[in-house]
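Below is the structure I would like to discuss, written out as structure tokens.
Each chain carries a letter (A, B, C and D) given by its place in the written order, and its residues are counted from 1.
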Amino acid sequence: MKKAFPILAILTAALLGYAFYEAMFVAPTDQMQGDVYRIIYYHVPSGWTMFVFFFTNFIASIVYLIRRNPKADAVAVAAAEVGLVFCTVVLVTGPLWARPVWGIWWTWDWRLTSTLVLWLIYASYLILRRFSTGGQTPVLAAALAVFGALDMPLVYFSIWFFRTQHPQPVVGGGGSIDPSMLRVWMISWAAFLCFGWLVFWLRYRLEIFKREVEETHSLEAMLEEPRFR
Amino acid sequence: MNYLYAAYAATWIIHGSYLCSLAIRYRRLKREMKDLKPRP
Amino acid sequence: MSSFWAITSATLAKDLRLEWRSKDAINSMLFFALLVVVIFSFSFDPTAEESRHIAGGLVWVAFLFAAVVALNQTWAREMRNAVLDAYRVSPAPANPLFLAKAFGNFIFVSIIQALMTPLFTVFYNLRPLGPAWQLIPVAILGSWALVVNGTFFAAMSLHTRSREIMLPILLFPFSIPALVAMVQATNTILTGQDSAKFWIVLLLTYDVVFTVACLLLFETVLDAE
Amino acid sequence: MTHSQPTNGSSVIVISGLVKQFGRFAALRGISAEFSPGNLYVILGDNGAGKTTLLRTFAGLARPTRGKVILLGTHDLSSVSAQIGYMAHPSLLYDELSGMENLRYFGRLYGIEGDQRCADAIRKVHLDPSLARPVGQYSQGMRQRMSLARALLHDPGILLLDEPFSNVDACSASEMVNLLGTIRDAGKTLFVVTHQAALLDGVADEFVLMGAGKIVSRPLERPLLEGAPR
């Protein structure tokens, strides 16, 4: 993996460039929104990628709770962090699209709200990791990740029903999805998945390295001569 | 149209700053490891 | 199984006795909830028609904050003199401890609700237009939803730095579905415009899902050292 | 009393390669040892030598980072927890409850019904079971003795005592030592962490010296320490 990394990075960059080209120049312009709608070629694939990583976090947490394998915990941290980064992208690009199209930055629509809640849940997950002391962090974090995964369906349910009781704000123009649009979406998603995977791999290596450093610290401490007064 | 550029730029700023933070964390760990190693 | 409930009831009785002697949790919760009621009245004009639409939110936010006060106290009592260790070295299983703590907090929150509801009614001039009896299941299910996760997260934050801040950071995001359901149910009952059935079912689902999850994971969290 | 190295089968506790880390700090650094039943072990060492952590891993309160603890022949410490009596540095008692109320509650955790055994345990440490004062108002010495009563309540086979004599007056301390001697003679195994090793001269079977997370030596006679014991 270490040797293949530069090649993969170049391939990913090429794929991202191609996706960018497709999104900017090939995909047809939307009649109602004009070129601004092209934001969704970044917005939507980022959202999908985010779900992939949060799901990875959930699976890794379950594996950790059963097997107590430190590598599963490293996967869980890395996935949660990268997922949160993609979630941030979704939350930032969303309003940038909403402002010209809807005329407002933010509305408490169920999709927006639930994504924000998702962001809050995983942010609290990372805060717990940072604040917990000693060796219990992985266990606590894994338990919290399970809670988060259980919570999400309920969040969607509650907010969806809550908001649909009111008239929906403007739902994006365009009507049915054009096949050429879908194609660009898929290309873009593939590019972001590759990119996300590379970042995830870096974060995972960093976590493993961090543990090695900690290990060395404690080994060093063990080498000290035992003494008795 | 400006919003489009803003959104694309924002995406890469977020990803870029996350990668930077990873690099910083990595460098800090590396220094720590170096400080640890020479002592037997 | 009988010993499971025997330990649960013994622990609950012990907690209630401790609270009866010190009255720490109840007093601070009561005062806190009262403060929230007063401060809200400065921010909104509590005239009857408008307040009816936001009252559900106000009531539950006040109870949520008050509950956090009680939840932080729950485990503080067990940390003093490290009594929790005495429980952990005993052969008693972990779940009775969790259930006793959750029941205890449920009782505290219920007492607060019983005392505060008349106050809210007076201060905000409330009069339910829908079926008022439905407020009772909403109150019971809603309090349990707050308390079951709160007790669990409070146990989690025992192992963290700055534990009192940790609890709301964990509890609030995770309670959003329950809060939405509580607030919506209360509002629909107060305004009498709609049926609150959907929200009550949602609350029930939330309670069942998280009670089961807490019971499955509590031992893992308690013994994480 | 024989002090020969115990064989594997008869050991009450066997530990191998025990490491306990708290973050970057290693409290125990690879300890292997065996302890045989019916002995009173006195654990000595500097502050931070790992004495308390060792007791906590025996009690199942701290999970070892690496290595194994086999207690009464099993890895599953929770299955033998009824056999362990643990007295920690903090009192492990509710300050707001009286001694009897405390023991009644802890008795329930061990399935002990009724007041008889609780009262017996309190009398054993020379306190009065009918004392209604909450434990928070006890003197330090009384609290220590009540804490010992709590550890003895369910008549455990293994007693782990962390600093049982701290702040206890000389007279009560020697009473406690006598009590520990009787318990040892009844065939129980005791581990006593203390700074006042001299108190236990008559009854200790073996001294376990710890330093920097390891067992340094296990003499049968009390080692002469530099400086006066606290």
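Everything below uses one rule, namely that contacts are C-beta pairs under 8 Å (C-beta built on N, C-alpha and C of every residue); 3 or more make two chains touch, one makes a residue touch a chain.
Owing to the predicted nature of the structure, the values given are computational and were not obtained by experimental measurement.
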Between A-C and A-D, the pair joined by more C-beta contacts: A-C
Which chain has its Cα centroid closest to the overall Cα centroid? C
In angstrom, rounded to a whole number, how far apart do the mean CA points of chain A and chain D lie? 50
Geometric centre distance via CA averages, chain C-chain B, whole Å: 41
Centre distance in Å when chain A and chain C are each reduced to the mean of their C-alpha atoms: 31
Chain centre separation in whole Å, for chain B relative to chain A (CA means): 17
For chain D, which residues are shared contacts with two or more other chains? none
Residues touching two or more other chains, restricted to chain A: which are they? 133-135, 217
Touching pairs of chains, all of them, please. A-B, A-C, A-D, C-D
What residues on chain A touch chain C, complex-wise? 65, 117, 120-121, 123-124, 127-128, 131-136, 139-140, 143-144, 146-148, 150-151, 154-155, 157-159, 161-162, 165
Under the definition above, what is the set of chain A residues touching chain D in their complex? 133-135, 214, 217-218, 221-222, 224-229
Name, in rising order, each residue of chain B that touches chain A in their complex. 1, 3-4, 6-8, 10-11, 14-15, 18-19, 22, 25-26, 29, 32-33, 36-37, 39-40
Given the complex with chain C, which residues does chain D contribute to the contact? 59-63, 78, 81-82, 84, 86, 88, 90-97, 101, 105-106, 108-111, 134, 150
What does chain C use to touch chain D in their complex? 3, 6-7, 10-11, 14, 17-18, 21-22, 77, 80-83, 85-92, 223, 225
